[in-house]
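Labels A, B, C and D are assigned to the chains in the order they are written; within every chain, residues are numbered from 1.
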């Protein structure tokens, strides 16, 4: 017979009181803001919509997901435990809404947006799909996957296809589009696809999002404690769905997702539309001496500061007449780098606005296409002494 | 009605197959050996005998405790979930042996020594006590604490008093000895005390161990994922009980604990008997040029290497006649530092064995007493050019 | 006979061409901006006015001082080689203006403010004094120290007393004021004192600056390559004189120094007047949820962000009636920390502006006095559900 | 007229006294031993035979080269200032033996082997050549390069060709062999080639060393302070020539160089003969559980420890009948990694010695060829429960 000690409630209260005195004792307990700037018209909210807990096959108690997200600088998260894969169910009886209910108070006290979600976990096709903004997960526990998705749709959920190239279902790692996905799309039951899941990027999914007007998602699908997978001391971070929201509200996040206003942040890359990548890049960098004097035939160094946490990797798109500029250039995160401009001719004078065309290789607008971006500054030719 | 999907078993098998291909993908998944050397006659095994999981009030699934221990370089661990404090019991029905049963296969496949344990969690006195080397935790779920301890003793458990100065039970942070502890001691039911628990060191407990011949314990008492509490990138580590075992076997760990052959490793300190601290220090350091020539009145630099991961902090115990040597000195972990020796007299000749007496402040043999240790080398006086 | 190879000029040109293609190849070659914000009315320019090169007893070629300063985020520097201490003069004939002349082109191309300086290096009293903003260092090479200082003054130099407690001249490490310093002060020949030099802080000098209206200086006095003394990977930095200048010009730096508008940045401390420290602190921190709802008797977490690179160490100055707030708190550099506020009473309602008084111990307004600063926010009491 | 202050000598003595009290104050001043093990029969001495100071076009005073080498764990170094390229000669009159003479006392007090050297700096062909083990550098200051080399040879110098693919002389970065090099080789005036110089590796040079029996050299060619080029906090290191010496003596280093017993250590690679790479690899790694039990059809994890500071990158050379083993594997420096072995058949029994053939890609025995190495262990099949 199991025993419940009569003092356990008193102990519990004591613990609450003690934890009430809790303050961040080390930098580990503090929050690292993610250095990706807002852009005109939109907040760039950092979100992860795919995480697991012990209520399916994850390895942590739900509150940990809130604490991790806060420390890592996220704005919004969803726990999406499996509906059909419950390896611990002999120890933890199935209860599909519990991980949300347990973690919500923590998430709210930390100021996070926290959404109810679930992972519909089926063989391919259609594979695994996440539904978020749910009201009652229980209703998705159906025999047929179509019913589960219909139930999600009935709750006005945002539904996306997870890791379409996952080797657990596609041993060659290549994502494939099935009739089932066409059906989902036609019924309005598929709103996005994970272009990135954990360590993997799926170029096919990237293309489908572009072709079929689907929202690009990038999520961690984390099962372990986050710090066992990502080495924050080396600058590693979980994949994120950056949501371009008009306000800092739950409704605005939802609206942005359905309107396909996302950018995926994965390793040192941002994946998305030029409509969003261009202003993110422009808000990140500044030329400290953008109006500069130069001797004909001489050389000056511009100083370019990158306020974001992404190292931008630039390659010259085409040569600039009359000037030598760097063929390739990395704008290191948080640093200022020199940018040498040399005038090729000694027979020049006057002023000139120069716009140097670069491709930013790690701002991906398509699987094999970097963002076009220009570095622009004003030169005034002066006679050197 | 909760639904169990008919394919979940297939999925489960698939996952196992996939995980079978798992290899350490990053340095995070590798093991860091702990740099504290073995000493003549004993293996110095790195152990943590106090950890929690979701089966009491911890925040992780039991297998995580094995994975963390392996990565952090431990040799042996015990999960010691609370018997009486089960805040998640509505979601996870009490099952006192489960965390051990779940984690054991992981621990064994990683080559860890893994012991069954439990925390008897009572108001002070007697406070919280851990029992390890148990056979059946259920038998400790008794109404009266004396019965729980008797049940542990009947299983030949090693029993130690946890965090005697914990502010949850001693608001001023000072450990106090009660009649109940005298009783435990007299009955042979108390074998050790936590001198260190998590971030806390209890000098009173240190003294009791010395006076009453009890085993010094140092444990993490971890509830969160380990990497949320310790910043490994800054060299932080959980507290450890170093067990001086005659062999690398479970039986030898047990024998060593009952024979009080432990050293506590906490932050940058080792706490224990000179009998063990002296050889650990001596096995750690080496003087690379211990036979050296010196001009009378001149100066030479010895080079002292510290192969351990402890920064040894030395202070000169008394001056050495005829020589100037450093008043204080840090032997940095894993590095070689210069040690300047100056001869004060120009009228010396011949050879000399010099033994310079230092106190190693962070090798603590008593609450306010560092280890006495000498740096010894041979000098030969030579005329300089 | 020494040989000069006829091709050396060609090689030299080749090297210049090659170096023309130079771009920052690694993060090491990029610039780290120093995270201390400007304040209303003033630019906070980061300067070091005391550095050595091989032209006295330093260990680097002068251009290195410019490259280091740029990488470390400085705005202005002066090389101040010794006039009287020239241990390498048999290899490098004395030439007091050379280190400035050699380094100036590098400094200018990097956009640094670069000032001509020298260290008048005499026994105590008066000890060592630096003169900066010189026009011709040669004129300071006089027999008597009074003449050297008069020559500096005649060039309208800014003159400050270096490391007054240096153990090379004050074996006990205590700074002493001599009649010679009174004379200097009365003649208008002494404008500042190094409150900090390298690893040392001189509380006596700090007090003299307050009493006698002298400019507080903090400089590196570096001789070695900077990266051999400061471990940037651990966040170490050289000491700096922060100059509060009305513009980003040389003249404005000069004006600020003579007007005593400086703050010393040393290790994790800022030393200066509350007039400057208060706005630096206020520009650094922001409360992300400064308007917050709270249940009577309940608790909320404010989130305080510190945008600077200083960890601010706060201690509660006095208790706040009706609320529990943290007794001590570290606002970690670049991070957001939680700040728990608990209402003590369940019988409260309405709104309240709360201003919690803290002392920031590492913002030093006097040797033993931290800055007074308040954390201010608005609470609205709401009934909890 | 320049002035020499009468007190400068007193100051000088004072400084010496003060520096006499110097001890390593921080980890920066300590020595990091380089983690590449000795092999049977040979010490593996870490050397850099190509460095510059202000006595040619380097940026540091010569003693800095000794201090840097000691801190970085080197055993032997040579300063090799240019003979023909002296851009600072107006400030520092040419004096070819001075950098050696100045640095030697520092190097000796630190226990370094320190060799006199010079760089013969000519247009291609023959390009730049280093001569080390010189007795008098002045004798190499000749008009014709052949005379300079003959003078070096007359002093029994070890002569090697520097950076044969340097873009300053080969704009396409490809090393070319000229008749002049054939002449040098035939006269016995060319003993080695830099396969690595700074950031560059020259595959052509690697092949020539193999074909023509020349010593492989890898050197830094450093001009700046070392810590401005290598980020030690990220594990970066200068290129090294590892010298396999029979003893720790100067003569043994010399003998090894002429006998072509070197390995080049560059970034995360070792370049050399299998005769040396094989034992270095074998001395580095150990299998902690090399005798292991395995269930037929089951799986076990070997634990492989790599005691060196090189991450070994292994790729399976061919499949092993009856077993699944990792296709690729990184043995992280200083860590233990798991190595999964799965038995494919359930119908096996007995014992088996398994030797799994891998190619270690970053141990380069030829430009495109990694070292062949086996991981060997004993399996005993046991029935699982």
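The definition used in the following text is that a residue touches a chain if its C-beta (ideal position, glycine included) is under 8 Å from a C-beta of that chain, and two chains touch if they have at least 3 such contacts.
Keep in mind that this is a model prediction, so the values were computed, not measured.
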**Q.** Partner chains that chain A and chain C have in common
**A.** none
Q.
Counting only Cα atoms for the centres, state how far chain A is from chain D in Å.
A. 42
Q. Where does chain A touch two or more other chains at once, residue-wise?
A. 27
Q.
Please list each pair of chains that are touching.
A. A-B, A-C, B-D, C-D
Q. Okay, in this complex, where on chain A does chain C touch?
A. 20-24, 27, 29-33, 109-111, 288-289, 299-301, 303, 305, 324, 326, 328-330, 332, 334-340, 342
Q.
Touching residues of chain C toward chain D in the complex: what are they?
A. 1-5, 7-8, 10-12, 14-15, 18, 25-28, 54-55, 58-61, 63-64, 67-68, 71, 83-89, 91-96, 98, 102, 121-123, 138, 141-143, 167-168, 199, 224-234
